[in-house]
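Note sheet for the following structure.
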Amino acid sequence: MAVRVQREDFDIGAELAALRAGRDDIGALVSFSGLVRGTAKGQPIAGMELEHYPGMTEKALAGIEAQAVERWSLQASLIVHRYGLLHPGEQIMMVATAAPHRGDAFAAAEFLMDYLKSRAPFWKKEATPDGGRWVDARDTDEDALRRW
Amino acid sequence: MAVRVQREDFDIGAELAALRAGRDDIGALVSFSGLVRGTAKGQPIAGMELEHYPGMTEKALAGIEAQAVERWSLQASLIVHRYGLLHPGEQIMMVATAAPHRGDAFAAAEFLMDYLKSRAPFWKKEATPDGGRWVDARDTDEDALRRW
Amino acid sequence: MDVLYFAWVRERIGLPKERIDTDAATVAELVEELKAREERYAVAFADMSAIRVALDQELSPLDAPLKGVREVAFFPPMTGG
Amino acid sequence: MDVLYFAWVRERIGLPKERIDTDAATVAELVEELKAREERYAVAFADMSAIRVALDQELSPLDAPLKGVREVAFFPPMTGG
């Protein structure tokens, strides 16, 4: 169970390999990664500035992870989230969950993503041809929390 | 969109990197990997022999993938499934799905897994201290298909 | 036609594949014919609720017609993933 | 106490952090005090339904008491992931 907030990119293959290294009790390993898209609302995006709240970010992510561990029988989990200036095609963040069976691994990964989207203090500003534009929170993201 | 059935292991990091290489339209990338567990029904497992139906396997997997592509707006997908003798801790198979948003990527990955479990012609035989034991299909796996 | 067996069906019948000439109209008729032929088929096909069938590599029901089919396969419920 | 601003709240108020001495009993009272103080606060806090609050790094409601709090943060709805 680990949380990292960092400016640098990450290697999802290496992270998944580390989660299962030296053990043979994991049956299912799920990963999600979020990537910067090159267009938004029909406009080209030159880059995305990810601002966060140092201190609270780590606490919020660890709290979300602790909830997931309480609800599902997870054997390992990881949240890595970047901040700073990112470009189209780059990785923004990842979550990974390991469990004996696939149901728990999938549910926990989706739960982590839904909570992280609306409860971890990150804000995205896209560089568009018209200047910087803060990404609005989507109602569907808030709605997604209700299913848990 | 690709399906591979192979004896050799695979590198999930390299597969995910290849799926998103050179493009900036993907927002969400989900992977699932299934691993051989070292115990089953309380008994140690020395290895697992994966038998399949060459020809039908590839067709069945491609058919399942085509259904996923029809139902969700996927930008890329991959199914890799191994056969032959595998040992505890080893990777059995993986699926990956790429989409603009996370909902489609998660749903399609779970759909692929649910269908693959019960509709692709693979059979597992575990080596236990009492000898070889064919893994029984779980009712919950058949039930899982009903939600789609 | 070619008849294929997998997993414990293969083990019980004792071979992975054989050529069978039959006038059976459906899969179910072919199963009855085989069960009558030898004990090992009767054992393998004792509980048909535990058997799945593919005709020319497509999952098919027990009452599916065999006309024109080149490859029949019998196997237990699948356990991939 | 320390008051922190993030994203467009930070941009509208014009700074990321400041020290504020206040007798406000709740977050809502602090917001009213700041809005009365200068136009830039009134602009940033014009629509409080678009503002989230954290007290000592925990998400908190607008009517939460400020007693004992060392760090207040104001920001828009979060958009991570």
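So that you can tell them apart, the chains are marked A, B, C and D in the order they are listed, and the count of residues begins at 1 in each.
The rule we apply is simple: a contact is a pair of C-beta atoms (placed from the backbone, for glycine too) under 8 Å apart; a residue touches a chain by one contact, two chains touch by 3 or more.
For clarity, every value in this text was computed on a predicted model and none was experimentally measured.
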{"item": "Required minimum of steps from subunit B to subunit C, each step between chains that touch", "value": "1"}
{"item": "Whole-Å gap separating subunit A and subunit C, where each centre is the average of the chain's CA atoms", "value": "48"}
{"item": "Whole-Å gap separating subunit C and subunit D, where each centre is the average of the chain's CA atoms", "value": "72"}
{"item": "Chain centre separation (subunit A, subunit B; CA means) in Å", "value": "23"}
{"item": "Contacts with two or more other chains, residues of subunit C listed in rising order", "value": "81"}
{"item": "Where subunit A touches two or more other chains, by residue", "value": "34, 102, 113"}
{"item": "In contact (per the touch rule at the top): chain pairs", "value": "A-B, A-D, B-C"}
{"item": "Subunit A - residues contacting subunit B, complex", "value": "11-14, 16-17, 20, 23-39, 88-89, 100, 102, 105-106, 109-110, 113"}
{"item": "Subunit D-touching residues of subunit A, taken from the complex the two chains share", "value": "34, 50-53, 55-56, 59-60, 81, 92-93, 113, 116-125, 134-137, 142"}
{"item": "For the subunit C and subunit B complex, residues of the former touching the latter", "value": "4, 6-8, 54, 57-59, 73, 75-81"}
